[in-house]
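As written, the chain order gives the labels A, B, C and D, with residue 1 at the start of each chain.
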Amino acid sequence: MKLVYFAWVRERIGKADEEVELPAGIVTVTDLVRWLKGRGEEYAYAFENEGVVRAAIDHTHVKPDAPLDGAREIAFFPPMTGG
Amino acid sequence: MKLVYFAWVRERIGKADEEVELPAGIVTVTDLVRWLKGRGEEYAYAFENEGVVRAAIDHTHVKPDAPLDGAREIAFFPPMTGG
Amino acid sequence: MTPQVRVQAEPFDAATEIAALTEGRADIGAVVTFTGFCRDEGGRLAALELEHYPGMAEAEMMRVAGEAAARWPLTGLVAVHRFGTITPGQPIVLVVTASGHRAAAFDAAAFLMDYLKTRAPFWKREHLVDGTAGPWVEAKSEDDAAAGRWA
Amino acid sequence: MTPQVRVQAEPFDAATEIAALTEGRADIGAVVTFTGFCRDEGGRLAALELEHYPGMAEAEMMRVAGEAAARWPLTGLVAVHRFGTITPGQPIVLVVTASGHRAAAFDAAAFLMDYLKTRAPFWKREHLVDGTAGPWVEAKSEDDAAAGRWA
């Protein structure tokens, strides 16, 4: 599964994207965030306030309880500031 | 005093403008309209529904009870349809 | 900010007006333009003839523009209204508003159009495709209602 | 009507987009454009850097455009969003809506901007006049409120 990061989420984690193998039991976006936070302090820093970072699955915005099943690319990013 | 007419008010009266000498007792726009209606059937036709025709004094919209005192140019026209 | 108001027979160019308002400025966040076009009303119209009251047209457009400028924090405002014979697909009226923020630019442009429709002394007459002069366009009660929402 | 959506580094031209929507048509009564510009924030900013999520940016802009097209009777819709480094006074985003009537064109353009602000995956970072990279721009609660009014 491919993970991609943008803006200050990318800067805090220190990479723009990565491939990960998820362990069993990671079902939702929230599960994935909690698992990532256990991988190192850069992840813990990026997700320090779970309510702030947004997620998208395969280019579509999703809520934290969205299932990861079948996802190819999951993105994490701050609230959008375009326009 | 100069009177100017636009759109179908102009067409009904049959002229775009005219100079008139007002008799004594013509104080407001409504007085002027009633005096004009007595001048001929073309005026009676133009002002047949007094609530429809709008008036302006010296390039400013006015209500029927506006005084004519000091006016140089009085305009009558249908509701606006620009834009 | 001094509003710019023009009444003219010639066409106008929205991009030229945007450029004039924004050129050399770094404090403008938002520019809204509204362009009103002549429609053929399903193939019925050959043209619209626009009569206006010279002098009062400019004066009333400037009054409406001044009200918009007093009500919203605008950095620029242009209103152009054409007169004469205008064929389907051609532009009739242009409003451009510039502001630091988008809500002011949007609201001021909508206000200007609602007020120009009901207060600027212009009258449209239809010219039909069969070559005859059609009726004067009737004012719409929905335009009065649209203007009323700003009161 | 198929909305047109573009994500690009290059500038855009509002007049070209208006012409593309109106060329050869006689059923369009109203065209509204919104252009968002980079401000210097009182001389503080040298530039804004716009990061985006390629692929999703286009997809989300097309979803928002589709919602506008379903909600208002539009005859044309263009949305263009730039990425990269943009200096004060330069345009960032353009929305153009065309319709038979002005209220639909105005409302759809305002809706598009409110939704693009809160849903299109773009992020702004400030670059300061002293040559340093400033902070990422924070999302504004007023933008969420603006988007919420269409719900």
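In the analysis below, contacts are C-beta pairs under 8 Å (C-beta built on N, C-alpha and C of every residue); 3 or more make two chains touch, one makes a residue touch a chain.
Every value quoted in this text rests on a predicted model; they were computed, and no experiment measured them.
**Student:** Spelling it out: a chain qualifies if it touches chain B and also touches chain C; which chains qualify?
**Tutor:** Chains in contact with chain B as well as chain C: not a single one.
**Student:** So how far apart, in whole Å, are chain A and chain B when each is placed at the average of its C-alpha atoms?
**Tutor:** Centres of chain A and chain B (C-alpha means) sit 72 Å apart.
**Student:** Where the centres are mean C-alpha positions, what is the separation of chain C from chain D, in Å?
**Tutor:** 23
**Student:** Just the number, please: Cα centre separation of chain B and chain D in whole Å.
**Tutor:** 48
**Student:** Mind pulling the chain C residues that touch 2 or more other chains?
**Tutor:** Residues 36, 113 of chain C each touch two or more of the other chains.
**Student:** Identify every two-chain combination in which the chains touch.
**Tutor:** A-D, B-C, C-D
**Student:** Given the complex with chain C, which residues does chain B contribute to the contact?
**Tutor:** 4, 6-8, 56, 59-61, 75, 77-83
**Student:** Which of the residues in chain C come into contact with chain D in the complex?
**Tutor:** Residues in contact with chain D: 13-16, 18, 22, 24-40, 42-43, 88-89, 100, 102-103, 105-106, 109-110, 113, 146.
**Student:** Can you list the chain C residues touching chain B in their complex?
**Tutor:** 36, 50-53, 55-56, 59-60, 81, 92-93, 113, 116-125, 136-139, 143
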